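Look for subunit A in each of the two complexes below; its partner is subunit B in the first and subunit C in the second.
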Partner chain A sequence: MYNQTEIIKDTTNLGPDGELVVNMGPQHPATHGVLHLVVTLNGETIKKIEPHLGYIHRSIEKMCESLTYRQFIYVTSRMDYLSSHINNTACALLVEKGMQIEVPERAKVVRTILNELTRIASHELWIGAMAMDLGAFTPFFYAFREREMITDIMEDTCGARLTMNYIVPGGLMYDIHPDFQTKVKAFVKQFKEKVTEYEDLVTGNVIFQSRTQGVGTLSYEDAISYGCTGPVARASGVSCDMRKIAPYDAYDRVEFDEVIETAGDSFARYIVRVKEMNQSIRIIEQLIDNIPEGDFVGKTKNVLKLAKGEFYQRVETARGELGVYIVSEGATTPYRIKFRSPGFSNLSVLDHIAKGSKIGDLMATMGTLDLVIPDIDR
Partner chain B sequence: MDIESIKSYITAHAPEATFDETGEWLNIIVESNHVKPLAAVLHGQPMQLDFLFCLTCVDYKTHLTMVYHLTSSKDRSINIVIKANVNSADPIIETVSDIWRTAEFLEREVFEMFGVEFLHHPDLRKLILEEETAIAVDEQKELVTEKKGYWPLRKDFEDPINMIKL
Partner chain C sequence: MLSLESITKTIQDWLFAKFTPQIALTIECVIVILLCITLFAVLGLVLVLLERKVAARIQIRLGPNRVGPGGIFQTAADTLKLIMKEGLTPDAADKFLFNLAPFVVMMVAMLLLAPIAFAKNFQIWDINIGVLYVSSISSLSVIGILMAGWASNNKYSLLGAMRSGAQIVSYELSAGFAVLTIVVLTGSLQISEIVASQENGWWLFKGHIPVIIAFVLYIIAVTAETNRAPFDLAEAESELTAGFHTEYSGMKFALFFLAEYINIFIVCAIGATLFLGGWMPLHIGHWKDFNHIMDYIPSSVWFMGKTFFLIFLIMWFRWTFPRLRVDQLLNLEWKYLLPISLFNLLLVTVIAIMGWHF
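Right after this comes the complex of A and B.
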């Protein structure tokens, strides 16, 4: 184990090949949370990266073993806090699958719209934060201008701006706000006008391009072998969108394209996310005028009990494939629960793709992996 | 490949494997020392199950069960689960991290949460928990020597600060 103060005191830490061990994090502006990377350097070249996790480990899997099937959903909003609606959807879908609960059409459509709004909000935060890591401050304000509209919609819908809880087994907690459709339409209109500004500010920027193109290249084979999913894998040409592979909620009735790039570098990962935001807008546009009337929650028993057996549900969060694996013994609480979080697998590839590059490029590589630390630590 | 041809292919390579089709996906149950050879067979042609999307362990009190969820990047409709029981007193199993690189981190997590030892793992250390957990150091040493109640996700884990039990 590396002790931070010891390393700073010990100036004779240079190895025989001039290697230097540098601690990056746990408090570092580019790690977006409490990620601790122990970086072995030779000059400015990275020799090895060792992630040290657990600074925000809350033992969610163990905690869920003593929570009922209605309660454990609320904990999952605290995992990947930028995709909380999508995490809740995964848990709700699993309980519905295990108990054969019929979900009303209205709930399915509203869930899909909320999931896509969440995805846009997550990518907006990412585009601002990543550009700031690379030294561009302005995109942050541009991105948060649109993100603010989404957080307002979320606040109307479920009362929270972050760690939202709205999706429950059987449907939704409440009916949608009367202004929901008008506000979403206003957002869609503004987003379509303003998204070109990101392109002008960031995509076409020469400095941004030279800092990301060819940096942190991940090959097709490695993306599969390391279990990468989401935009990280799709930038390397791997088709892995759970919305296409195993459609849930209303994804089987909407038209959208799975964005796939083949370059595999940081710039390709950036392009995939920007294009994905446009696809999300496309999905919302198809659904927002066609929200069916009717109940917002199906009939469920007061006490939920899953049958004895094993259940697995996969959804596509903003970061990739989230899997929820439950072993049930027929009780009101899960016997064992495992969250396969996308960030965990995406982080494991960091050492492989950053090895041999300069330490300055590590910011671009790490930024485009889009790591959310509570999702990794759980 | 349909389920029947998958089953006959697996039986040809691993005659001792048993199948369980009660769940959503096909479960293959094997002995713990047959996991590695079976994994190599499934990863190669013609199955090409090259995507390990979940690796975890379940504590059934009498024994631990390693669970591997596999799929193929060529055909994502094929989903296969491998299960192997290991002894809870002294759990040892061969690593699959040289077949699927993602297993390296996932096995480290299982090692620190359940105490399963993975043979030939390149870097088997704690990943999430620090050596100094909330347990007092002398108490921790005692627990390590007894090998009892020390692994956090096992059912017999004695929570020292009573945080998890609500």
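Right after this comes the complex of A and C.
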């Protein structure tokens, strides 16, 4: 128990130079999950940020080692739950590559459309959450209005709204819903109309610009040396889109631009994501009318066994490059499995770019890094 | 016509006829205190509901719609919940100051109700330094906030209180200068005289450019002074969880919450009085018939209408803008608003001395 004089004398809260050490998280409104940041403050200025991980570690990699090549895909939906389709695709692609399974064209195209829808949904959620970090509540609801349409499409397609588990080695689990094409087209139409609302509400806002421009600037060199990928790296001018570098599914036959900004600050990261949504819409528009008829799943053996050896597959999730690395001993389960998650590398840069800025800037920086904690911890 | 003025007059006459002046005065005081507390509670309920409805409108959703028709009893139910909740006091807190702080904030808000003219001749205390009284008392609320932030012994609270201190002290200046603009034009600090000076047209619509500048400055400054978004750095829930009231729960939290809304009401009421004519109906020059029709609308309706319009404006800000950063907030005040208000005051003084105003 304290009394008043003890409170004044109490220096246990203070660091060596009279710094204030604040524990942000694991329960904090801005960390969007159970991320724990130990922030050393000097007044309002940040001197050091130390992320503490492990609060939502579920040992997914170890779990995957005891599951068969059909089963382990479903666990990966729980990694980056906002890109679950893309995670599933990565695993399915790896198994297909390892076993030379022929994937029907229909499945490839549908996978690509679903991946892009997932990317838009993820970016929509991000816009809302980031605006909320900066103190604006309203964009959240606008963003969720469109995101809701995507989750409805997902629900029609595979029964789930968040953790889809729709993609299996060789193609898709079921055929698409008969209304799939009309619903996606309706979504594309609505999105194109409503995207100007975000521009009005967020992009053009003076306060928003002054809060993000020049805040948390990540240089080209640092982006590469910290292993940043996805929109975070592309905002610093690094070309790293896996859909361009190593096309998979139907990405080699669609036209889209890799969005690259050079400023490297929070505003550039915002712009990259907004433009990326438009590129995703472009991809969907090219594919939605051209879904080939045919099988939705290729012929596979009943029991999948990867040959002895090492396999690696990388895809572009909404957050960056997701790598799946499997060491197989030729059994029905992986011998070792490792996921290279984009969030982990992107988080590692936080201390570097937020040091010396204000607490408010930390929120802008953290918001635009787009961290999903289960992706970082796994 | 049944006006508030005649009601108060009847009551006063009756009291003074029945009792000795001392007793009559005491009874009047009790009535005023009761009315104040009632107004306090009712305003809290109405404004919280209004805020939620406005927010819902802006955010394409419905807002509270379950408790009572259109959700009108939602805030009453919430208040009931808050009263039933346990008012926790953290072990490490300075108990006395921790429990005192919400009352300081609330008492300041209540004191500010005194000089406000709610309707024609319906005012608790028409003090001759009315505007000065308001600006001096409103600066006291920072003490309550600092008290809460310090006594909580929580780092978030302390940061929030620090921010709040810097913010309120800075923006008080701009608000003060904006108010002075009208005082210079009116030549009086008394609320009733300021209202009377706007009989032929509200200051905002008389066409003085300094007044329009002062109005904009006033709205910005009071938004900051009441810790509302985009200046809600003292709370800044995404940065400091809840800022200075992080550790408060139950009714003690509700008092902070209530005081915030009462403060909004008061600053908007003062703004309406200074710039929009208070209870004065809309009069346009020589349109006698028009002015006559406008006079039929009760003065309390005029006052409340104007005040709620300004309140809506401030709520609109909150649900549109992101939050400023702390250094940007202080830059805005010291580098832009303060020089502008000083120049504006100079300008209006010249206008007043030269007699160019009307």
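What we mean here is this: the second predicted complex is superposed on the first by the 364 of 378 C-alpha atoms of A that agree within 3 Å, B and C clash if a C-alpha of one lies under 4 Å from a C-alpha of the other, contacts with A are read in each partner's own complex, and residues count from 1 in each chain.
Criterion: a residue touches a chain if its C-beta (ideal position, glycine included) is under 8 Å from a C-beta of that chain, and two chains touch if they have at least 3 such contacts.
Keep in mind that what you see is a predicted model, and the values were worked out from it rather than measured.
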Review point. Just subunit B (first), just subunit C (second), both, or neither: which does A:I120 touch?
Key: neither
Exercise for review: Applying the touch criterion given at the start, work out whether A:M79 contacts subunit B, subunit C, both or neither, answering first, second, both or neither.
Suggested key: neither
Check your understanding: Which partner does A:F208 contact after superposing on A: first (subunit B), second (subunit C), both, neither?
Key -> second
Review point. Looking at the overlay, does A:K62 come into contact with subunit B only (first), subunit C only (second), both, or neither?
Key: first
Review point. Counting only touches as set out at the top, which of subunit B and subunit C does A:E310 meet: first, second, both, neither?
Key: first
Point to revise | Which superposed partner A:F137 touches (first subunit B, second subunit C, both, neither) | key: second
Review point. Residues on subunit A in contact with subunit B in one complex and with subunit C in the other?
Key: 1
Revision key, fill the gap. Per the touch rule above, subunit A residues touching subunit B in the complex are 1, 51-54, 57, 59, 61-63, 66-67, 222, 224-227, 229, 238-240, 245-246, 309-312, 314, 321, 323, 325, 327, 335-336, 338, 340, 344-345, 347-348, 352, 377
Review point. Which residues, counting only subunit A, touch subunit C once they are in their complex?
Key: 1-2, 4, 7, 13, 20, 22, 28-30, 41, 44, 131-138, 140-142, 145, 201, 205, 207-208, 210-211, 358-363
Exercise for review: Report the residues of subunit B in contact with subunit A in the complex, numbered from low to high.
Suggested key: 22-25, 50-54, 56, 58-59, 67, 69, 73, 76-77, 100-102, 104-106, 109, 127-131, 152-153, 157, 163-166
**Study point:** subunit C to subunit A touching residues, read off their complex
**Key:** 55, 58-61, 91-92, 94, 153, 155-156, 158-159, 163, 229-230, 232-233, 236-241, 319-328
